[in-house]
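Notes to accompany the following structure.
First chain written, first letter: the chains are A, B, C and D, and each begins at residue 1.
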Amino acid sequence: MTQDLASPVSLTAVDAPDQPTPTPELEQLYRGFEQELLIPLWTEIGDLMPVHPRSRAVPHVWRWQNLLQLADQAGHLVPVGRGGERRAIALANPALGGKPYATPTLWAAIQYLMPGENAPEHRHTQHAFRFVVEGEGVWTVVGRDPVPMRRGDFLPQAGWNWHAHHNAADRPMAWIDGLDIPFQYNAESQFFEFGREAISDEERTTPERSRSQRLWGHPGLRPVSAPGATVGTPLLNYRWADTDAALTDQLELEAEGHPGTVEPGHAAVRYTNPTTGGDVLPTIRAELHRVRRGTETAPRREAGSSVYQVFDGSGTVTVGDSSWSVSRGDLFVVPSWQPLSVRSEAGSSDSDSGALDLFRFSDTPIFEALHLDRAAVDR
Amino acid sequence: MTQDLASPVSLTAVDAPDQPTPTPELEQLYRGFEQELLIPLWTEIGDLMPVHPRSRAVPHVWRWQNLLQLADQAGHLVPVGRGGERRAIALANPALGGKPYATPTLWAAIQYLMPGENAPEHRHTQHAFRFVVEGEGVWTVVGRDPVPMRRGDFLPQAGWNWHAHHNAADRPMAWIDGLDIPFQYNAESQFFEFGREAISDEERTTPERSRSQRLWGHPGLRPVSAPGATVGTPLLNYRWADTDAALTDQLELEAEGHPGTVEPGHAAVRYTNPTTGGDVLPTIRAELHRVRRGTETAPRREAGSSVYQVFDGSGTVTVGDSSWSVSRGDLFVVPSWQPLSVRSEAGSSDSDSGALDLFRFSDTPIFEALHLDRAAVDR
Amino acid sequence: MTQDLASPVSLTAVDAPDQPTPTPELEQLYRGFEQELLIPLWTEIGDLMPVHPRSRAVPHVWRWQNLLQLADQAGHLVPVGRGGERRAIALANPALGGKPYATPTLWAAIQYLMPGENAPEHRHTQHAFRFVVEGEGVWTVVGRDPVPMRRGDFLPQAGWNWHAHHNAADRPMAWIDGLDIPFQYNAESQFFEFGREAISDEERTTPERSRSQRLWGHPGLRPVSAPGATVGTPLLNYRWADTDAALTDQLELEAEGHPGTVEPGHAAVRYTNPTTGGDVLPTIRAELHRVRRGTETAPRREAGSSVYQVFDGSGTVTVGDSSWSVSRGDLFVVPSWQPLSVRSEAGSSDSDSGALDLFRFSDTPIFEALHLDRAAVDR
Amino acid sequence: MTQDLASPVSLTAVDAPDQPTPTPELEQLYRGFEQELLIPLWTEIGDLMPVHPRSRAVPHVWRWQNLLQLADQAGHLVPVGRGGERRAIALANPALGGKPYATPTLWAAIQYLMPGENAPEHRHTQHAFRFVVEGEGVWTVVGRDPVPMRRGDFLPQAGWNWHAHHNAADRPMAWIDGLDIPFQYNAESQFFEFGREAISDEERTTPERSRSQRLWGHPGLRPVSAPGATVGTPLLNYRWADTDAALTDQLELEAEGHPGTVEPGHAAVRYTNPTTGGDVLPTIRAELHRVRRGTETAPRREAGSSVYQVFDGSGTVTVGDSSWSVSRGDLFVVPSWQPLSVRSEAGSSDSDSGALDLFRFSDTPIFEALHLDRAAVDR
């Protein structure tokens, strides 16, 4: 639900409730609790039940050039194979205790594959996607369907699907992986299974379009042979050309005086499962936002956390008390209930080509499925 | 549900149950029933509760050339305007008592608009669509959004949306309208409201794409500004280029040995609501079927009725005991639980270009919503 | 949806649109239509697309004493057995062309079983229920579970369940049957199958509670062994004691100043499927209404039709332009969009015991499933 | 989904993948990762992506007598009031780092209220319930509706409902609280708001039944005045008499040869939301299990965690490698994917009165909403 502006969230904090006066008897009681593995609510409530989410995570930015350089070094030093499974290097939020978590629910990594390399097949209950900020040449083989990866492409992949990667090009390729690893780690829902060491020659082909795209990539149409709803999307790649066209259309509609954008100068599309119209994955939402040159978005907070990657353009991002200049490939996190505002760089011309394009993924589907979603715009 | 082949429908008919021996007392009883407006079950059960649907409708074909010729005559004799509302001429199934019903639930008509003509704005709870077998030049204005109509385009329009038509071309244009008029007539759910006599100049523009298409016509993407599910599809036109590409892809996948078609040589796509993945309208399903040259489909029966229009190619259609040669524009009906089989004409070459393309609409969503759907394939 | 009072339904009727001036050419055109089995919209639109539902059915009342007397005569003259299946005598709305339809979608009948008689087992896709206004002694065997029937009990039974009846008492018993026969007849969705001629001795037992009630008749509780949702309710009988208590509670809450009733003095409960919280049957809604002594309900119209039976008390019912005094057992129909108001008889005391209790069933679930539901209250 | 026995979960572990040979270059790479706040997958995958859930929590039992004694001491030493809010003392799983978490998602506590005491009103997004193993005299006021609490009663309360407690009796009362505090803490979805310091005199009444029970506590019936589905159940108390009757019925049905129990000798009911038929709370499932005297249940594992409290009887519980004798009031936890088996004590007679009754709550609704549910029975 979107927060009603007329009834703002109470800011009276539970914070530090008055505690009973320490006495020997109280001390003895607390020792009794400890012995019996008990903890009273009245000493913990401020942390456990805050008036609004106070994320353990902090806003942070990772620079793409640094990631790319370290990934390339790893490409020369660390082989890819069974056991380690993937040459993926994860963002570790500085406030999450040295865990490889971008946020309390989301995992984000740069993955890197050298020319000719293969990442072996496996499957897991964790939901995953890939997004390509630059380069091409890798095909991800999902359920034996080779899916091409190129700049701007988004590749969701629901849990428990077999998948492998192979680099068919003569140069390395990097992309980002997003998964719900921390969420499933906390919920303790994870299963994992090894697949084949090597994919077949047929799967090593490099088609221009995946079979999934040929079946499911036509707007408003579905094959009559597959009538049901699926948990994750059957469309395995969302091509940049489509995403770009949709964003361009929204800004043009706005220019003509029609609705469509999120707010003035701010277009956004959500990747959806064509069998339901809902999110591509049960636990992860993914979107592409375009902020027109010289535009600043209204600060918006949401229960739940997000990770963003700059796809194109440059600008300034403000998350809570932090503010950074960002450009292509930079990644940053927005912790739960922290306000985010984005300002795209004002260019010399007012053409849209200078827009700031941001890829975003978040844990919102979890919140919506459990009726815990809330959002507020600070105007 | 698809009929389990291991438990075929019982063919023991209730048909003509034995009746009690006529006596004066029985006669008197029956007169008593009549006086009190009562009818016993035991005399009616064979008709009311058959072992499987025995449609009151019969299979029938209407020839496009005849329809077109009569519609053109009407174009010169009958004006379009407030009151009559539309120059639409409906198929009347010969077994439905002179009612303008193609089947017990579906209404199908040819609509015809002369150059420069306008059909006035109105709205109604009946769900509707338009499909264009040939021609162009008319724009349907739905909720003030002008939607172009061209050969192969499908335009669904959920109930209670304002809509008008205007012919911007210098020649007449024909298309077919499909509605759930008989269903809503039987259910007694209909509401109707007049709109403006004339649409505005701005709505009289002739854009290449509707605004709905610009917002909703990108595969797997939706505007973040419109996150909910809608009863009818927000996408107001499904262009032929997309439909054709989807069908071509299915047959090519089949040729490569992959799944996707309904049965060998038979590709089919369903038009869907991108906010739900389900049917475009609550009461009407619409599909485009392509039967490869020289292919015959398996006889299939379904609870509920359909209307088909040949979009391209030619072939032979068998519905129950009827069989017809059909070609472009011809319309035919398939009554409930009557088997349908289609054979496309074998051409001189085996290229797909000679395929038989069939537009289909049916009342299946009603059956599915109420858990009354059944289908069986006679192999 | 409930009609917004600020935007009342337009009362401008399409009714009788102006017709084109008759000319020889027009006559010839109309003959052409006839030959080709075509019917123009402009001559039919007033009937097909009214501004609001104008039911073909009319309000009508059937007197219980007359029904009972005729049913008893039939009990002596017409045997029950295979073929005729049931000694059921249906209400035929006087405006529905001699069809055994209470309304365009609903069938309602009195069923009558003599001492020791058995109605043979069968099943059908039509959804059905039984309601008992007086008497006891019959058990309905649904899927081999004997279900007792007593005054005030409601017994829903979803389509395609095997069922039979047997009268274990030494006197005849009558009750009403409600089915969606006209709806399924129009939609052509019906399947029917004969079962066993005779039920087993074990099924001929006369338990106080059905097995379904023992599993599903505990408030807010369900067996862990049956976790899913079912199309029809698994609870096969709703006992009067529970219904009566729920209605009494609502009126007492109202008397204490709390919400709960539909309107002042008007309590109502809906029978629900405990696996979904929704209606007991996919096509039929059933409710029990209690109107406190001396209370008059606000006129309410609804898209869709209803049948009512007076369960207890007496009063005056007004449906559209008709008005009748009614008492125990009387049945009446409310056609689509006709306003209904009920006034219970003012008694000599103000105790609730003189309330007017009305059993109601309607086709509303069809309308809701297809988003065609509308209602309005005339205040 | 229930695990298919023919395809057991792979037991090949990722566990400790081979690591690249340490070299100075590798060391430098790892230092680079650290500086940039990056962590490679190949060193962490064994912990992050196990072949099946390996819970951080451990099985553990808490003895009711010890809890009760400490709670009573707290009753004399620690006041209840604004800030601390509740005299609740939480189970701290010994393997969860000193956090007051029974499992990674569930919070469980004993709450204690002295005669005449009041716990102030507040509300929070955390979903909560109360279950009473013994005693009576407290009313929980939810949205101004006083709800009685007595032995065997279950009181669910969906997030964001105002609530307070008051002890109207002349003796202390204890019960258990269950909440999804750890889950919402990890997801960072929590909101909290203080309400009134004191409830009104009217709310301080001690009715036999809550208003919610009077409206919603009738089997299979709902008020027509409240037709929609609600996120949490509108029924605020589930009385022991109903739960007991439902369990008794299941075991009697089993004894008569009919289905209904979970497995031989093991009856179980789930508390449900009458507006949906689903779980009472979006994140918490609650059930009451009855294991007949001398019966042992099959070991069952489930993705997700549970907390149990013995309501009556005694027996032996085995969770993974742990095994305990338990009796009334004892609480124990079952971590994710650990097998649980229960053996009730064989009594001197075979009457059901010696059954082992277990209250259970779990996080399963979270898993089902996100399609992450799995279960397996080890036979």
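Note that in this section a residue touches a chain if its C-beta (ideal position, glycine included) is under 8 Å from a C-beta of that chain, and two chains touch if they have at least 3 such contacts.
A quick note: this is a predicted structure, and the numbers were derived from the prediction, not measured.
Least-squares overlay of CA atoms from chain C onto chain D yields a rotation of 180° to the nearest 5. In whole angstrom, the spacing between the mean C-alpha positions of chain A and chain B is 42.
The distance from the centre of chain A to the centre of chain D, each centre being the mean of the chain's C-alpha atoms, comes to 31 Å. Each chain gets a centre from the mean of its Cα atoms; for chain A and chain C, those two points are 52 Å apart.
For chain D, the set of residues that touch two or more other chains is empty. Contacts between chains close into a ring here, every chain touching precisely two others. Each chain pair that touches appears in this list: A-B, A-D, B-C, C-D. Against chain C, the residues of chain B that register as touching in their complex are 9-10, 12, 14, 17-20, 23, 25-26, 29, 32-33, 36-42, 44-45, 48-56, 60, 62, 66-67, 70, 73-74, 77-79, 82-94, 98-100, 104-105, 107, 109, 124-126, 159, 181, 183-194, 231, 282-283, 303-305, 335-337, 363, 365-367, 369-372, 374.
The residues of chain B lying in touch with chain A in their complex are 211, 214-225, 227, 229, 233, 235, 238, 242-243, 245-246, 249-250, 252-253, 258-262, 268-277, 280, 287, 289.
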